[in-house]
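Order as written gives the chain letters A, B, C and D; numbering starts at 1 within each chain.
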Amino acid sequence: MEAAGDKAPLTDPASFRHWTDEKFRFSDTDMVGHVNNAVYATLLESGRVSFLYEPERPLRPPGHDFVIVRLVIDFRAEAHYPGKVRIGTRLIALGGRSFTLGQGIFDEGGASIATGESVLVLIDHESRRAVPLPGPLRERLQAL
Amino acid sequence: MEAAGDKAPLTDPASFRHWTDEKFRFSDTDMVGHVNNAVYATLLESGRVSFLYEPERPLRPPGHDFVIVRLVIDFRAEAHYPGKVRIGTRLIALGGRSFTLGQGIFDEGGASIATGESVLVLIDHESRRAVPLPGPLRERLQAL
Amino acid sequence: MEAAGDKAPLTDPASFRHWTDEKFRFSDTDMVGHVNNAVYATLLESGRVSFLYEPERPLRPPGHDFVIVRLVIDFRAEAHYPGKVRIGTRLIALGGRSFTLGQGIFDEGGASIATGESVLVLIDHESRRAVPLPGPLRERLQAL
Amino acid sequence: MEAAGDKAPLTDPASFRHWTDEKFRFSDTDMVGHVNNAVYATLLESGRVSFLYEPERPLRPPGHDFVIVRLVIDFRAEAHYPGKVRIGTRLIALGGRSFTLGQGIFDEGGASIATGESVLVLIDHESRRAVPLPGPLRERLQAL
């Protein structure tokens, strides 16, 4: 996978331009007393969907869907209810058949509570099979 | 709404013939230490969908969807992880434009931890508007 | 249960002073394509917890917990992702051993997508048994 | 991190002895029509908690908690409601301050729909700080 040239750590809020705001819900907590770890996957998804489907700069080629094939979450701090978080999302790698989004979840004080990497592919909506990333999509991703 | 003649309490497991088995997940708990109350809505939905869409006796007329318009949950006992529950579902009222399902959630010892009532209508898939319940659907519901 | 004198419909945003903002997440949707109905229970809980545990005017007597014994949700409109909602919460009934919160969920245009009523009791934290509502709590609830 | 000597692929059901059964819920689906990807994190957590807290062979030293610091999920196939899955969990690496559980999620036909790796540490319950893995815990983990 060819490098996208963006090597700033995902714990650095200054490395992100795309942001999604989220707020913890009471049901996000678990019996340990903190925000359940699977909620981080949900928050990263919120940021990812917001990044991929932003109406102002559509990325998805007609007749195709983005599908996640790998998710890595590094849990850096416990989070508690109530609280708000910001999720930063940016492209960190771009290949011929997949691309990787890097994400950071930051608390209200700006501290990184988790970082994530998502490898995505493009599939044909009908056949559900992965296809090479079209040139225009690659260009739009690189321009972000 | 015309009565369906079924007046057994929803806390009585013997009043149900349709059952759905569910199991608590760790993420179902909340910071109080018990199963979060909104999970009961999810469990009742699991039982309801299983009852309405059972492949052996399809209830849904083509081109239509069942939609819930009112949900009542009576919380009778706290539940804890790990644990399994059974959800009983049956028709308790049938009207011209809506019907009501009564449900009971029972723990592994057979105790009622919650009961629920769901009022459902039938909508046209395209217009999203409620329609009168067709005769054949009413007959199938009454036969259950 | 003695009436609280507040009879405005829960579909009227002007009837609420306490508000909680929430935002739909992608995972709130279900295969029908809309926000899953059990998510409404989670949103109502977010508003309820925010109302009951607001740090500026603590309602909970030490050593006690609020527990929901009945939840009624009236679903008034389908909701879709992405989107934001506001949840209004207010006291609608106050009795000797329980009180009822009325809630409205409103979309970004101010339309009511659901209303809810929650009956709550106060339990002793250790015995998990309901106790009569103490006078000071009743006075603080009535003052809201 | 010292290798645990277990190199069978996580897509091989025969490589697991510890199993957890789970069942999809209607609310696990999303507007794409399949089981939402964050649900996989919840299912892996169910298997992990079941493995770590099995009452017959307690692993957790008193006064300590297991905390996940990294989760990797490889999504191998879409899953649909209704359906059941089995989650296999086993130790795949054991170090001085952390250990790694490997997991496989298999559908009713035995096909791998996802695999996961979770890096866990042990923290002191009070200080919330990671501690070296005690010898007896390491021995019990290795014996599994």
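The rule is simple: contacts are C-beta pairs under 8 Å (C-beta built on N, C-alpha and C of every residue); 3 or more make two chains touch, one makes a residue touch a chain.
All of these numbers come straight from a predicted model, not from anything done at the bench.
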Per Cα centroids, the chain farthest from chain B: A
Interface composition of copies chain B and chain D: same or different, split at half: same
Gap in Å, rounded to a whole number, between the CA centres of chain D and chain C: 36
Computed distance of Cα centres, chain D from chain B, in Å: 32
Inter-chain centre distance, chain B versus chain C - centres from mean C-alpha coordinates, in Å: 23
Overlap residues in chain D, where contacts from two or more other chains coincide: 26-27, 36, 38, 42, 45
Residues of chain B touching chain C in the complex: 32, 36-38, 40-42, 45, 65, 67-75, 78, 128
In the complex with chain B, residue positions of chain A that touch it: 26-27, 29-31, 33-34, 36, 38-39, 81
Chain B-touching residues of chain D, taken from the complex the two chains share: 21-23, 25-27, 42-43, 45-46, 49-50, 82
